[in-house]
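Have a look at the structure below before the remarks.
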Amino acid sequence: MDHDLAKKENRAVLLISCPERLGIISAVSNLLFGYKANIVQFDQHTTDPRDGMFFMRILFDLDSLEASYPQLEQDLSNMAQEYPMEWRLSKGSQTKRMAIFVSKMDHCLVELLWRWKSREILVDIPMVISNHPDVKDTVESYGIPFYHIPTNTQTKEEAEQAALEILRGKADFLVLARYMQILSPRFIAHYPNQIINIHHSFLPAFIGANPYKRAFMRGVKLIGATAHYVTNDLDEGPIIEQDVIRVNHRLNESDLKVAGRRVERNVLAQAISWHVEDKVIVYGNKTIVFA
Amino acid sequence: MDHDLAKKENRAVLLISCPERLGIISAVSNLLFGYKANIVQFDQHTTDPRDGMFFMRILFDLDSLEASYPQLEQDLSNMAQEYPMEWRLSKGSQTKRMAIFVSKMDHCLVELLWRWKSREILVDIPMVISNHPDVKDTVESYGIPFYHIPTNTQTKEEAEQAALEILRGKADFLVLARYMQILSPRFIAHYPNQIINIHHSFLPAFIGANPYKRAFMRGVKLIGATAHYVTNDLDEGPIIEQDVIRVNHRLNESDLKVAGRRVERNVLAQAISWHVEDKVIVYGNKTIVFA
Amino acid sequence: MDHDLAKKENRAVLLISCPERLGIISAVSNLLFGYKANIVQFDQHTTDPRDGMFFMRILFDLDSLEASYPQLEQDLSNMAQEYPMEWRLSKGSQTKRMAIFVSKMDHCLVELLWRWKSREILVDIPMVISNHPDVKDTVESYGIPFYHIPTNTQTKEEAEQAALEILRGKADFLVLARYMQILSPRFIAHYPNQIINIHHSFLPAFIGANPYKRAFMRGVKLIGATAHYVTNDLDEGPIIEQDVIRVNHRLNESDLKVAGRRVERNVLAQAISWHVEDKVIVYGNKTIVFA
Amino acid sequence: MDHDLAKKENRAVLLISCPERLGIISAVSNLLFGYKANIVQFDQHTTDPRDGMFFMRILFDLDSLEASYPQLEQDLSNMAQEYPMEWRLSKGSQTKRMAIFVSKMDHCLVELLWRWKSREILVDIPMVISNHPDVKDTVESYGIPFYHIPTNTQTKEEAEQAALEILRGKADFLVLARYMQILSPRFIAHYPNQIINIHHSFLPAFIGANPYKRAFMRGVKLIGATAHYVTNDLDEGPIIEQDVIRVNHRLNESDLKVAGRRVERNVLAQAISWHVEDKVIVYGNKTIVFA
């Protein structure tokens, strides 16, 4: 499920988004057939079969993948002229590089490190960046470089600049594993739809300060979490995954936070797995997830 | 679980809320022991064992229940002087009377009628009131009186007055099974913490018009529902129960509504079952549910 | 989700199962492109992209569907020669006819009748057959013919024969909504992979008599249900859907049965929805569900 | 929720099991009232209020706990004469010692170590014992002693004896975190209802070899896990907790195992949390869990 693409030689995934047009599936499958590609998974979605948007994900094996790759890219570029389509081709052999941003709370971080070590999430982790030094030892015990970049209102711009320098050429996507800092539009622009954030979610929403306190005061029966891509609208980017956990009146505010941590680490890890497998297509402010 | 009290002869439930005070459990259990009551379920909750609020539910059997009842009430009244406590005593033999308010959508109504008929919810249903005539036949096919009380901005006060007249002496609590009308504080005051409402819930919340459309535009992955007691703050009363259902990008706005209906009817029915069994205590704007 | 095909004019679904062969997707999509079909949903699964089994479901719109249908069938027959494939083509305009078998318990029956009436399940229900007369009134109040066919060990063969007579030409698939009778291989052979059954499921399994009693004695924490196609191996046919509900020590044996009923009616209804939309392909003793 | 008792000074929990008798709640609460104990949580269950079994858990604060403890024990012993009851008193100040047994798979082990380190499970871990050396480094990186005790059919008795020696006086309960070895009745007798095991669970059950392969062949839609106390009946002891995770046809056998690991580590950790808080009472072959 989560390991169909990553670390697989001779396997690639093709993602396509374009306005609906008759024959698009036919055209793309003919192209791949011309390469003698074995299709492993084929997923498609349309917002309207006549005049909507069309989305496709094709996972395929190709013995000659490395040799054929340049020509395949060329053919797709040509096709993109005819069908005005956006496309992305990823090779399983090219392991994605995930940089993690974290603050003091380590529950999401540790979940990711463990799934990485146990090969449940197949990525490289070139670094962990934090505005606090607290998780340094944990990170380094996994043999992963740790960078401490303090930040405050005054130094925010330099701190982001410093992070960008360290990241340059080393990370394909970023994960905010409870980073607790708002990134500037300037920073986000370097990683469009490539920054995944996790935040608590409640029914109803408790927007603003002290959400757990207010959830407790209100006596909610569910605590949730939402993983989403970061956009300039704080916590309003395209949702990748959500889940909830049941709670009751016996849980105090601190217990609710523990419950929140449990659902957060699972939701974030799941969202990352889908991202790594190129199963997520962003369209407008929502996602298509070919789970 | 949901049938411990209702329709059980010689069984009663005692609910108590009071400021914490040493010995309260001892005092109440001694009182019941004096009557030779067999305790069937004993639930307790405290917000703080030293100076918080204390809540208790005791379900008990008493062979001489009918004969002993007046004296038991007197003893509890006396005790309420000493411990400044609120208490409520309900007999299983006294079936609760549930009036249902509904608009055009019948999914919650039908679920309730079916659970009533199959004795999963042990109540009497003296009437169904609606501002539309649509569900008349359905209701009457179950042998339940149906009242059509149209309402609009101008006639709202009279309509509510008409409903109160019909209800007078006939209903113990009300269920808004997708009634879609905002009740006035004047009306609500007749049934404090005795009106149960169900409404859709989303992560994040989409407050205002067209929530399903906006949930669809946002690509939510969960659709939820919340059952709560009605207070003067619209949709902000004490939550009794919540649940969610998973959805994905394949569901259009109309499909999301179908998903919403499924979770709504289960959440509402569950909340009612707990209310009927006197398992819910309201404190401030939250509930303790001894599920 | 559940209404993509049924009751849609000019819409059809094509299901294909065949040994993997390079170019199968290309060939089928070219064929449909030749008809100017708009593809609405395209789902595929392979057990192994090199030498496994390949499964495909294509939901498509075709303005000239009625006129083109015979030729399309012919083309698919021809293609089935080249690729040794099994295929099935269903028109949305051709509403499936679902006959329901039931015994005394009506919880699944009522759920299905309600979903049918509220158009959540888009089928025709030509009849309900029961070995007991208990649900006659319920069924007939929906305007559906009810047949009472008593059965016992001696009369089983005649009873099945009588049912087959009544069903002849009137039902596309059968639902055993807690029918509690074992059908003979002879009967089942008339509806291969077209009989859906629901039964309770536990962790661990309690095979044999009194499963709820034994589940209660064992103190299980989950009660489940499984919907599956009926084969000659009792309760061992291909699984379509499963779900569970949480329970605890407070539930007695009778409460566990109520919990079981709740999960049964949801699981059965979901399985039927997928069947009606031709989203289920049986392969060996398992199913591929393009949910 | 999971931290009401452990590591709390002046807090204790009293567990009682006895045949039902009028006045038992009254007697026990009077006894505690005599000590001026503040009751924090009071849970009770009866199999039948007249002649069944009665179970009770009282969590209480007592300023003079240490000083009063011997007398309290004496009073309970006296009461146990009158009411033929089993009772257990545990102090929050007395941190439970949990020894972990593990084989090669480390998913449950790592979950437990992390919850221990992040103080989600409040225990001491005096040692990890394994029949393989694989997880030595992981365990020791947490500063926990690791013992490698190889075992095979011939050496099983000595291996168990060696483990008992190491454990002697150092562990209050044992967790089999995927230990994959069957313990002898002789060994189990040292830790009655104090050994927690986790194993996979399926609907239906696939008893015997290669359960995941058979679950895959059958196309199950749910993968579950069960945590239970170990008795002499292999995998048949009292169930503490169960849960499931949804799977579909896209998951191969190996993916199903990954899914199984996820549910196993959560179910095992939850069962341990309840055990640590003395929320589980075993009665016959089932548990009462005051969650």
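Chains here go by letter, A, B, C and D, matching the order in which they are written, and residues are numbered from 1 within each.
Going forward, a residue touches a chain if its C-beta (ideal position, glycine included) is under 8 Å from a C-beta of that chain, and two chains touch if they have at least 3 such contacts.
Bear in mind that the values here come from a model prediction, so they are computed numbers and not experimental data.
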item: Selected pair, greater C-beta contact count between B-C and C-D; value: C-D
item: Angle, in degrees to the nearest 5, of the Cα rotation that carries subunit A onto subunit B; value: 180
item: Centroid-based (C-alpha) most distant chain relative to subunit C; value: D
item: Subunit C and subunit D: spacing of chain centres that average the CA atoms, whole Å; value: 41
item: Euclidean distance of C-alpha centroids - subunit B vs subunit C, Å; value: 37
item: For subunit A, residues contacting two or more additional chains; value: 41, 45, 250
item: Parts of subunit B lying in touch with subunit A, wherever the complex brings them together; value: 45, 201-205, 217-222, 224, 226, 235, 238-244, 248-250, 284-289, 291
item: Contact footprint of subunit A on subunit D as seen in their complex; value: 1-3, 41, 106-107, 110, 114, 118, 120, 141, 250-251, 254-255, 258-259, 262, 266
item: List of subunit D residues in touch with subunit B within their complex; value: 20, 22-23, 25-26, 29-30, 32-33, 36, 38-46, 49-50, 60-61
